Amino acid sequence: MSQDQENTEQSLFDAPPIAEQERMIEAMLFASATPLDTREMAARMPHGSDPSEALVHLRKRYEGRGVNLVRVGDGWAMRTAPDLGYLMRREMVETRKLSRAAIETLAIIAYHQPVTRAEIEEIRGVSVSRGTVDQLLEMEWIRFGRRKMTPGRPVTFVVTESFLDHFGLESARDLPGLKELRAAGLLDNRPPPGGLSLAGEGDDDEGAPGQNELFED
Amino acid sequence: MSQDQENTEQSLFDAPPIAEQERMIEAMLFASATPLDTREMAARMPHGSDPSEALVHLRKRYEGRGVNLVRVGDGWAMRTAPDLGYLMRREMVETRKLSRAAIETLAIIAYHQPVTRAEIEEIRGVSVSRGTVDQLLEMEWIRFGRRKMTPGRPVTFVVTESFLDHFGLESARDLPGLKELRAAGLLDNRPPPGGLSLAGEGDDDEGAPGQNELFED
Amino acid sequence: MAEDEFDDGARPVALADRLAAEALIVDVDGFEGPLDLLLTLSRTQKVDLRRISILHLARQYLAFVERAKALRLELAADYLVMAAWLAFLKSRLLLPPDPSEEGPSGADLAAHLAFQLERLQAMRDCAARLMGRDRLGRDFFARGLPEDVTRRRETRYTATLLDLMQAYARIRTRDEFRPYVMDRDAIFTMEQALEHLRGLIGFAGTWTDIATYLPEGFTVDPARRRSATASTFAAALELVKEGRAELRQAEIFAPVELRRKD
């Protein structure tokens, strides 16, 4: 404020001291919704003011602060320091159960990997939407395996390490077979048809062509 | 900054150094158009941060600058220095012109809060129109306070944080002339002698704990 | 507003009072009730409100009401109530106090009225001071470009091993048990087919194989496909019967084709 003193001794029409000009541009830049260029600032300041010089001081003053003076196009604006952006965000993590389509697709991939999309559809009896596969890929629970050596060389899907992590499995081979699932009461408790043996039950895994290829890559 | 030194020597999970906390609250307060209280700030800052301490430093830093850190009720806000208002003509917002009745009602609520409608009418000597109260409520300058413990349990009105913000008041205690008015007994709830009342409604407050409640919230 | 009119009526001069009263009558709508009027009248006394003569004020007010009556002006009831009360107060103030009389003395009542006037004036002064303060958006400003706190919603999907195994079991056992339960999963009923076709027929401008109308989920499994084919065919016949569609088949075993009938 000693600068003020000096100034008042000069003519009334002199430009305000630079410290005062700095205050002015600080207030204007703070209150403005858009960046201001030096011409606009000068037009609003007392005659003889030099916003460019004041800007140099102000920029220095805000160096390393929580808010910085930045150049935006031809203008200047105050902006939150980039490293503090996280304070302006409130993250909300929401856990949601995986959809039935997704969990079924995932289960088929886990039990039959490597498996093509056509095979998944064949097993589920319905087509598999792109979104379902994308979701599982994005969650990094499945990934692309090697292409099948069949006509069209379709891509295959396999489960990932993070899938095993999430489900607490050492390997996909540890997944219980149908027989075990039934023994554990995990199957729908529809009674098996009297006398009729459950064709193919439990064999699924053994005989499946996929099983040998499991984790080959 | 010696405090920083101390801090970094402690565990990684300690609060950030105070200088860093100051940057954080600076960024948050700059980014917000409305006042933030310390609880809101702390919730967004790393665990263990103490916005109150950082606020003391920040307030000092902005003393005499073009933008100041001001206290608004329980909150804090950055506001341009009042002497620079002329530079911001472009940002000026046209406030709706308030009627004389609205202005007086507002003043009575501010100085007598918490105050019932009957008390306002007693002071003004006329009934308070619904529109006047609605307008003040809509502008968010007043809100309902708690009910009075008098017969009928009438609702009371109090002024809001936006009221304080708008008029640049730290708290309702800083209302101009409040102390003098109180000393002169003009904020007393003085029942008319012999229960006679001009407005006829002044009896509501008789025996009310009224003035003791002043500014309790 | 009426203040100027009182400037020359220095002391209680009856004439000046009457002139003032007339001026006030013209403005009666401009007053916010009797208390406001009393406050305005009190300004003629040019003294501190604390030393105001309530007796004189009562006289002024009553003169005002008399003038209003003489001019046949309608005065709101509260003005008349105040007039009656002030007349009562005036008599109390003028007569020597009667010790046997109950209730507050004239002096007490006058003091309270003076208090009310002073309090109202104080509130008006406060209102003026308040409105004269530096104000947000006029004298000082908030951040012009506030950055709102953005709420980013992140969804994390979960499933348990049990979910996974049950899902697999569900798929693998679905076909096995079908013959033994009243499971209508594989049946696409005529009603369903009709509803399905009605929803699609609007788009069938050209001849289209009815096989392409089979619903999703009924095209792979042979049993389901069979059911859906039959019901879709029957539904197509129904639409033809309703006159909404046409059917054709080029030769035996050729695709049956359906088209919207306009």
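We call the chains A, B and C, going by the order they appear; numbering starts again at 1 in every chain.
Quick note on the criterion: contacts are C-beta pairs under 8 Å (C-beta built on N, C-alpha and C of every residue); 3 or more make two chains touch, one makes a residue touch a chain.
As the structure is a prediction and not an experimental result, all values here were calculated from the model.
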In contact with chain A as well as chain C, sorted by label, we have B
Farthest chain (mean CA position) relative to chain C
A
So, what's the distance in Å between the C-alpha centres of chain B and chain A?
41
Based only on mean CA positions, could you tell me how far chain B sits from chain C in angstrom?
24
In chain B, residues with contacts to at least two other chains:
30-31, 44, 78, 80-81, 88, 91
Chain C residues touching 2+ other chains are 141-144, 147-149
Residue numbers of chain A touching chain C in their complex, please.
27, 30-34, 77, 80, 88-98, 100, 102-104, 106-108, 110-111, 121-127, 135, 139, 167-169, 175-176, 178, 181-182, 186-188, 190, 192-193, 198-201, 204
Looking at the complex, which residues from chain B come into contact with chain A?
22-28, 30-31, 44-45, 64-67, 78, 80-81, 84, 87-91
Residues on chain C engaged by chain A in the complex (per definition of touch)
141-145, 147-177, 179-181, 216-217, 220-221, 224
Contacts from chain C onto chain B in the complex sit at residues 32-36, 78, 82, 85, 103-104, 108-109, 111-113, 115-116, 118-120, 122-127, 129-131, 133-144, 146-149
